[in-house]
Structure formats: structure tokens, C-alpha cells
Amino acid sequence: MLDVPKPMKTDGLAVAIEEKSFLSANGRRILAVSGLSFTAQAGAFTTLIGPSGCGKTTTLRLVLGLDTDFRGQIQRPAGASRVAAVFQEPRLLPWRDVETNVRLALPQALRRRDLRPLFETLGLSGLERHFPAELSLGLARRAALARAFAIEPSLLVLDEPFVSLDEETATRLRTLLIDVWSTRPTTALMVTHNLREAVELSDRIVFLSERPAKVRGMEDIATPRADRDAAWRARILERLDALYPGVL
Amino acid sequence: RVGVLKFGTVNWELDAMKRNGLDAKHGISIEVQPFAGEEATAVALQGGAVDMIVSDWLWVSRMRAEGTPYVFAPYSTSVGSIMVPKDSAIRSLGDLKGKVLGVAGGPLDKNWLLIQALARREAKIDLAEEAEIAYAAPPLLAEKARQGELDAVLIFWNYAARLEAAGFRELVSGEEAAGAAGASGPVAAIGYVFPEAWAREHSAAVEGFLAASRETKQLLATSDSEWTALAPLIKAEDETTLNVMRDRYRRGIPHRAVTEEVKDAERLYRVLRDIGGEKLVGPGLTLDSGTYWAGLKNAS
Amino acid sequence: MHPDAGTGAKGSLARLATLVLSVLVLLAVWWIGADLAHSRLVPTPAAVLAAGWADTRTGELPFHLAMTLLRVVAAFVVAMAIGAAIGIALGMNRAANRFFDPWLILFLNIPALVVIVLAYLWIGLNETAAIGAIAVNKIPNVVVTFREGARALDRPLAEMARIYRFGFVDRLRHLVLPQLQPYAAAAARSGLSLIWKIALVVELLGRSNGVGFQINLYFSLADVAAILAYTLAFVAVMLAIEILVLQPLERRATRWRGRHA
Amino acid sequence: MHPDAGTGAKGSLARLATLVLSVLVLLAVWWIGADLAHSRLVPTPAAVLAAGWADTRTGELPFHLAMTLLRVVAAFVVAMAIGAAIGIALGMNRAANRFFDPWLILFLNIPALVVIVLAYLWIGLNETAAIGAIAVNKIPNVVVTFREGARALDRPLAEMARIYRFGFVDRLRHLVLPQLQPYAAAAARSGLSLIWKIALVVELLGRSNGVGFQINLYFSLADVAAILAYTLAFVAVMLAIEILVLQPLERRATRWRGRHA
Amino acid sequence: MLDVPKPMKTDGLAVAIEEKSFLSANGRRILAVSGLSFTAQAGAFTTLIGPSGCGKTTTLRLVLGLDTDFRGQIQRPAGASRVAAVFQEPRLLPWRDVETNVRLALPQALRRRDLRPLFETLGLSGLERHFPAELSLGLARRAALARAFAIEPSLLVLDEPFVSLDEETATRLRTLLIDVWSTRPTTALMVTHNLREAVELSDRIVFLSERPAKVRGMEDIATPRADRDAAWRARILERLDALYPGVL
């Protein structure tokens, strides 16, 4: 018997997906998510970790409302008027330059804001007038991050945002992410394969099983981010590695 | 092989000819190749797909002047007329001033030029300038005349006949215009056209064909029952139309000696050259002397 | 969410229902319009049906329709094959395109009339000339469409094919043609209709059969009902081709876009 | 590697050189062909030039050309605007497309003659009818092309635009239209030529001026040189539009594809 | 004065790029690589590491011969008849299923080979008939890897092949890569941001500078792969971190 998850009460994000399956073009039905249920506190940073192909992107798409063909319920944060998403690929408009790509995402109120500091931090200065095809993949990903950060979202969804970046750049961007996330009350939901990253950023980590995705375990991290030093990180990584072997 | 318009008058004649065995009688066999448009028959003749078509002597003269020796044998004197609704206030060419006149056949239509000459002489008006001219395809003009969008329409005789049956009257006919331009009688505007060299080689066949044609015309001129047999080809809507068509056709049967025809044609040619210019008649200054088929001896 | 988007029996049924509904509404609109116009020039569906039936019983309509269809199909095959080849070549080769662009514009804009008359005069009044003239009229349009498609080909995939040494046939079949599918679909659809329209003119100018020949006859008799009867007979054939050939082909070719596409 | 691919002064010069060369070769081919054929029906470039010059001096050619161009431009604007709107709508909405597909096929395949005659009969023998008839003839083709384009729109980008709440105008301008650019280019190029061809028929059937009117006149006089003169005058205008308007626009629109595209 | 690199003698890969610049659509000239020169022994595994946007992909494209518009010289391994590339994006034909995508890359001689073991190891079993749009990004990357491995290349070029994969899968694939690479004499050139990965796989690591890319340093690793255990790895990582700060 399937353990049907019940939607939980929260003013944050409540995900309760009974079943999500795809009908592939060759006629096969693929069960991507089955009985996945978790909550994310409003204003908290939640991370999903799971094996490749287990259904993480599918889950994010359901959360974003891009796919409504599933059984279950998703309750989005109250007043999540502005949603930003960093997809697994950059998804920039190839025929518009970097700055236009970012500005187009801005709501009218922010349309004319000064984007230079943001581009500066992301290492995109001087590339504002470039087309996406003229960027390296890492630069394109950063442009996609710029777009998400610029709109000051109340719900921020990130699908492996820091791959294809060197460690130095990635560290800088993680700091920026926490800055953006903490200046305003933002509910963040991120997918990553990098447990170090998850530990550094998250309030809660949700571990997913192989496909069909369901929750394998959940860890809340209460330590303030300022106190998460190298020693603390080594400790917690060790503990998580023991609990969820194979993830590190 | 004769290229004809499927619903043209020539087809009626050929149909009657074959039905009565007149072609066999004169030792010829005819293969009728129907086309949907006049241009198509011209293309067919030039492309060698048919031996004979029906066209006008001006075209033949022009082709000859440009080095393609076709010859012409009169077929019909019927040309177009200006038609107006029966109760129209237009009584003469002069009344057309400021009115909308539909013209079939384009600005270089022979008939239209002759009528312009007539108007200039009789009513002292330049129709092309002082009336509002609408050139368009004949079926469209006929329809527009019926709808009342046109005050008058210059149109080919078969359409004119249908309009007449539908309650129109003739304001001025092409024959009158030709007469006014100096023709001494009804001039055959259109005729059988064929390559001269071919005709010389097959002169017996051409003679036979023309004789058969004359005999058929005779038959159609006298026998009403023949017309009943032709009705499906004519596609007349009703009895009246069929009768008008018949009368018009009979009126158009040429009956003059070919020498007179040539003389009149030469006269008209000069008039046309004056109005239409080289554009119309081609480089020839006068009617090309060989235009009319030399072996022609008009019976009646 | 889109039950009607499925394939298989249920999908076919839904498609059929929509088709019938669509045609019925179209007929209704026409009928009401014709009744309001109340003119010999705007015949009702019934009048058109009667005209069509009259010519079907004499065998004329099927005969002329068949003649026209033969010409349309022959010219279509020729025009699509030649046009696609030239279009792809021009789209993928800047220099050639630059050079031949004015030629293309010339051929695009030569009036059908001129081509047809010249074809009849040079080749003769025969089927070859007729079909050739139709094809020559259509080829430049096919070229233009395929050229745009070839210009927009995906560069990263082309590089991949180069690295993995795709042969010419594989490259064409698996790399280029799938990307040109929408362009081919556009060229084929508007192509069939354009070819049919040119065929009408070709038949008018030099054939003794075919729908164009008939339509012109009825035009000189101002018989709109008969004209529409022939037109609709052809449209019915096109609709059948669309539903029985083009759409299934297209569904197969675009399966990869996912079922919501 | 591709010095000729650049933009700017050097690129323009190279383009001009190719253009001149292309036209010269075309003329040479024609001239030799005409000399070989040696027929009144295949005039040499000189004969055509003479015919064109004769009518230019009388002012006829410019006048009729201008009349035709006005009609072509007006009909083009109308057809592209309406056709693109309908095409995009159908391409993006499966249900509507399913329903209206038979209608589209009907309108695609109604012979030009029928539309033109009906337009003249209903609206009257005037410009509105002429331009309307041309546009109605062309619209279905534009619809078909844009519909294929809209069907092939990129889904991931559309999702992105949805998440970031692009307004209708932004979506159209920054998301949809750039993707439809190649389809628009194809529709515009073959569109202009198709419209011009239909304009010829429209003018032939019921206008008292325009190139179609003139060509018909010369056709009845079997004056191929004059027909070609009018044709080439129009082709020259189209070539100018292509080089001075379409190509620069296109170069701007496809800059993002990189300079080797 | 620019220090113009001289091409070196080797029967492997010798790269000597004096200058590679791009003319961007907005008219600016961007210097991507300037004076980059290194060699890769035939049959060796060489890795490039450098900051995001420094010119790594550009260099790989030059090596692959996809771009010939540069100053300098590139000598490819003698008899490198079969080249395989794993691009930074999967680059699968979207209109062909996974298996067809792989088979199309196979030379005639291998066209009918049994791909099941390969798909099995890559976790692609059962997905052979799926279209790329029906794969998760990680699965699509694995399909791209399958394509590269299947043709038994003599020159293998990999651009960040293991991102978007969970650690467990990535480890398995690294093992597979070393298998494929070692069964036949294959010259491999890989780009990665992951120093751990580089240390585990490479015979030589080339560290690149910020754009325009030039060589910042080069490390040869002589330790046999079998002896590269956790302790060894910790040691060498520490040493490299000291030498090239910011990379780890």
C-alpha cells in the first residue's frame, strides 16, 4: 500500500506529490515521483539532494507550476508574488544581450535599476552587450543567476546553480546567494549534488531516493551560517556521510 | 486540327458541321481541340499544336509584318456593341460623358478604337478621357452591368446577346463604328487563321474546310432545329437568350466578296493605325497584302 | 490535462469529431451568408452540390479532377525535390547564396504567365511543358523556404556531427532534414496550394482538360456554383491528403517534441 | 577566415561586387541563350531594354509600376499582419488549430480567380476590392508558414518567460518573434513575389492600370520584349528592396547567431 | 613583448596557441587565449583546470579543429583517426532516441556492436528508446559519454564530463572512463573544475590563468592510479592547494 502523504500546515512551501508520471513518446509510462512530501519554512533555505535522474527537476517544475499534470498538492508560500528560477541550463534568450536578458525579467518597478554592482559581483562586467552564444557556459550560468537575483524574488528555485564554475567563483556566488536571500524574506529551494554546498547554505536538507523520488531522510541545520567553519563542516559532513552513504 | 474555345461560337459551327457530316462530304477530317482562353489558342498555333484557330485580321497582319506568315479567311462579322439598360437615359455616344463605361478587351481593342473614332467624329467627345473607363474581364463586366455598377458596357457580341436577352439595348454596334470609319459593308472581324506554308501544302484540305464551313453556316442560317441541337453547347439560360444568340450569329455571317473585304480592311487599318499607333498594328504601314488567304473565292 | 492530445484510437476519434464539427460550422456560415446575399453569384452549398453532382454524373468532374491531380502531384514532387536541394545548398553556403540571390529574386518574380507561355512555346503544348512550367513557378518559393531553414540550422549539433564523422547521408537524414521539418511542412502545405493555383493557369493557357480548363469555361458563363463545385472537389482531396498523409507523417516526425507540442 | 563575412564598409563593398558580378553573369547567360534561340519570343536583353525605355519615356512604365507597387505594398502589409496573427495563434493553440485547419485548407486552395471575381462582384470594381482580393489570396500562405514556426517554438524558453512573468508585449517581441524570424523572412520573400503575381491577375481581370494590365495588353500583341521589360522593372524594385531593406534587417536580426552563420 | 611559445616535439598532442581572439557581434575584440602552450603525451591523460570563462572550451575547440581562425600551431596525435568529444552540453540529436544517437557516431565497422553493457554501466538501460527531451540533464550527459566511449576513440576530448551527476554516479563513471581509456591507447584531454577528479584521473594537470588563458603551471603525476588512495589524495591536494590557491 502506498503511503499517501498528507499536505502539511505551513505558511511556507508544502509539497505533497502522490504521483507524477510521464508518458514517453514510445508509449512507456515512467514513474518519476511517488509519495514525495516535505515542507520548507517560509524564509528558509531548503536543499534537495538525490541521485541523478531521480526526479529532482521534475519536483521543482511541479513547485514552479510549470507542470500541473500530477496527483497531489502543492501549497506555495503565501504572497509568493515574485518567483525566480535558475534552471539546470541557462535558458537565456540567445537573440538578446546579457543585460536585456536580465532586464526583461525585472518587474516594471525595478526595470530601470542599476545592475552594475550585480554584474560586478558575478564577474559579468563588460559582457552586458554580449549575446549568450558569446559566453562560456559558466558565464551563461552566471547571467542566469543574475537574472534570478535581480528580481528580488520571494520564492527562489535553483536547479544545480553552481556547476560549471571553478571553486573560487562558486564560493563567491554562494556568498552572494546568501546575501540576496537574507536581505529580503525569501523562501529558497535548491537542488544540488554537492553536499558541502548544501551544508554551507541550507536550513534543511531533504535527501531523496532513487527514482521514483521519495524522501529518504531530512536534516535540519540550526547552526547560524556565521558559525559554520571548516571544523564544523568536517564534523557534520562526516555525520551525514554515515547516515546517507554515497552522497558525499 | 482546329484550336477553338470550348464555349465559343466556332465550336458551335464545327459541332454542327460534324453532326451533319459536312466535313466528310468535303473530304476533310477535323480534330477539335478545345481551349479555355483565347490566348491559349494563339499559343497553340504558335507552338504548332494546332493547324488553325480563329482570330482577327489585325493580329494576322501584325504577325506577318513581324515575319510570321499566317493567313486569314473570314469567319464572322460579329463584333461587340455598347449595351445600356433598356430604360437608361443614355441615347447617344455623347451621353456617355462622365458616365462609367466598361470596356472588354483592353485599350487596344480594335472595336473600342473604332468606337472612339466614331465618338470623336459624331459627338465630339474623347470617350477615353471624358467617360470613366473600366477595363475588365468580359464575364465580370457583364455581371457588373447587370448589377448596375456600370452605366454602359462595350462587350463582345455573345455577351451582348445575353445582356440583350436580359433587358439591355444596343447603344451602338461595332458594325456601325466600322461603317463610320469608311467600311462599305460589314467587315469580317474574325476569321480562320493558319500558317501560309501549311495552307499551300494542304490547299485542298483548306478549300474543303472553308466550303464545309460555308455550308454549315447556310444550314445554321436556315434551320432552327440545328440550334436546338446546339443548345447544350451554347449553355443559354433560357429560350429568349438562345434566340437572341441565334439571330446575332446569323447577322454575323459574312457574305461579301473577299476583294471588298480586303478593301475595307485596308481602310480600317489606316484608321486604326492613326488612333492605335504602331503599338496596335505593329511595324507594318499598311495592311499586309498577303493577309487574306489567296485561294479564297467567296461564294455568295 | 490534454486528453485529446493523445495518439491511438481515442485521439483519432477526437480528431474526427473536431473535423466534422469544423466542416459543419463552415457549411453553416456559408449557407447563412449565401442566404443573406441572395445572389446568383453567391450560391448556397446545395446549389454547389447540385452543380458538382451534375458534372460528376457525366464523368466530367472526376476526369478533369484526376487530370489536374496528376499534374499537381508530378509538379509537386519535382518542385520539392529540386527546390529543397537548391535551398539547402544556398542556405549552407554563404558565397553561393550571395551570388545566386539576384537570380532567385528574378525567378521568384517572373509572372506565371511568362513562364507558362515560354514553356509551351519551347517544349510544346504537352504534359512535359505543363508540369515543367508549374514546377518552375513553384521551385523558387521552395528554395526560399528551405534556405531560411538551412540558415537557421543548429551550429553545435553540426559540430558534433563533424567530430563524429557523420557520412553525407547520415548528416542529411539525421541532422539536417529533421531540423528542416517545419520548413518542409510549410513549403509542402502552401506548396500544394500554390501548385494547384498555377496548374489552373497552365490548364487555362494550353490544356484541353483539367479543373483549370473547366473553371475558366464556367467563368466565361459566370457560373459560380460550378466553379465552386470544382474548387471544393479539389479542396476535399487536399483535406484528405492533409488528414491521411501530412498529419500522421508530421505526428511521427514531431514525436520527440513531447506530447504537448 | 571569412573576410567577406564582416560587416561595415569592407563587407558592403564585397557584397556590391558579388551583386554586380551575379547580374552580369545572368545577363550573359540570357544573351547567349537568346542569340541561340534566335526567336522573336526570346528577346535579347537589348531588345527588352529598348522596349522598357520606350515605355519609360512615355511615362507609362513608371506609372503602371507605381500603381502595382502601391497595391503590392498595401496588400503585403495587410496580409502579413493578419496572416502572422492568425498563424501564431493557431500554432500556439492546438484546439483552435484542429478546428480551423479545414478552413485554412479551404482558403489555401480557393483559386485566385474565384476570390478576385467574388471580390469585384461584392465590393465593386475598385481598389479596395483589388487589394482585398490580393491579401485574401496571400493570407492563408502566411498563416501556414507562421503556424509551423509557432509550433516549433522553444518550450524551455517559454517556461522561463512564464516564470519571470513576461508581459504580452515582451513575450511577443523578445520571445516569439525572434524565433519566428526565419519563418517571417521566408513568408516575406515568397510573399512579395506571390502577391505580385496575384496582383497581375487582379489587374488583368478588373483594373485599368498597373503592370498586370500592361502585360496583358502586350500579351495580346505577343510582345514578349515589352512583357519582360515590365517584369524586370518589377524585379529590379524587388532586388532593391531585398538589398536595401530585407538583408540589412536580417543581418541585424541574426547578429546573435555569430558571424559565421 | 609577447613570449611566443614554440611547438614542441612529441608524437602526442602539441598545442601552441599564440593568440585566439573573438570578434563579438557588438564589434569588440575579445582575447580568449594568448600564448598558451602545452603538450600531452600520446596515450596519456591530461587535464586542464582554470577559472570559468578563461578559455578552456575555446582551447578544446581549437584542438578538435572546430575553429581554425587563430594564430599558432596544433599538432594532433599521430594516427588520431577517431576523435570523440564530450561537449559541455550533451549535444544529442533531440529527434533521435538515445540508442540512435549513440549508433550514429559509430564508424561502420562498429555499427552493429552490442551497446547493452555500456548502457548498463552508465545507468541508461531501459532508456534506449527515449528521446533526449525525456531525459534528466544527468542522464543526457551520460548518453553523451556513452557516445564518446562507444566509438573507441584514439583521441578523447572531454569538457567537464561529470557535472550534474551525483557523487556516486560520477565515481562510477570515472572508473568507466579510466577503463575505456586504458584498454586501448587513447590520448585524453579533459577540462574540469574539480581538482579531486583531476588528481584521481590525470597523468598531467595543466593549470590555466584567468582570461586570456595561458599556462600558470603544470604538474605531472607519476603515481600509478591503483596507488592513489585517500591518504595520498589528501596529501597531493594539500600540496596543489598551496601551489595554486583558489583552485580547490
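For the reader, a short list of remarks on this structure follows.
Each chain carries a letter (A, B, C, D and E) given by its place in the written order, and its residues are counted from 1.
FYI, a residue touches a chain if its C-beta (ideal position, glycine included) is under 8 Å from a C-beta of that chain, and two chains touch if they have at least 3 such contacts.
This one's a predicted model, so the numbers in the text were calculated from it and none came from an experiment.
Within the contact network of the assembly, the step distance from chain C to chain E comes to 1. Greatest centre-to-centre distance from chain E is found for B, with centres as Cα means. No other two chains have as many C-beta pairs in contact as C-D. Measuring from the averaged C-alpha position of chain D to that of chain E gives a distance of 49 Å.
Inter-chain centre distance (chain B to chain C, centres taken as mean C-alpha positions): 39 Å. Shared interface positions of chain E, defined as residues touching 2 or more other chains, are 25, 89, 131, 134.
Across the assembly, chain D contributes residues 41, 117, 121, 219, 255-258 that each touch 2 or more other chains. Contact of a single residue of chain B with at least two other chains is seen at positions 39, 46, 139, 143.
The touching residues of chain B, when paired with chain D in their complex, are 39, 42, 46, 62-63, 66-68, 106-108, 133-137, 139-140, 143-144, 147, 149, 279-280, 282. Only residues 40-41, 117, 120-121, 124-125, 204-208, 213, 216-217, 219-222 of chain D touch chain B when the two sit together in their complex. The part of chain C that touches chain D in the complex is made up of residues 2, 4-5, 15, 18-19, 21-23, 26, 37, 41-42, 94-95, 98-103, 105-106, 108-114, 117-118, 121-122, 140-141, 144-145, 147-149, 151-152, 155, 182-183, 185-186, 189-190, 192-194, 196-197, 200, 212, 215-216, 219, 224, 227-228, 231-232, 234-235, 238-239, 242, 254, 257-258, 260-261. Within the complex, the chain A residues that touch chain E are 22, 24-26, 28, 30, 49-53, 56-57, 88-89, 97, 123, 129-131, 134-139, 142, 160, 163-170, 193, 195, 246-248.
By the touch criterion stated above, chain C contacts chain E in their complex at residues 156-157, 159-160, 162-166, 170, 174-175, 178, 181, 253, 255-258.
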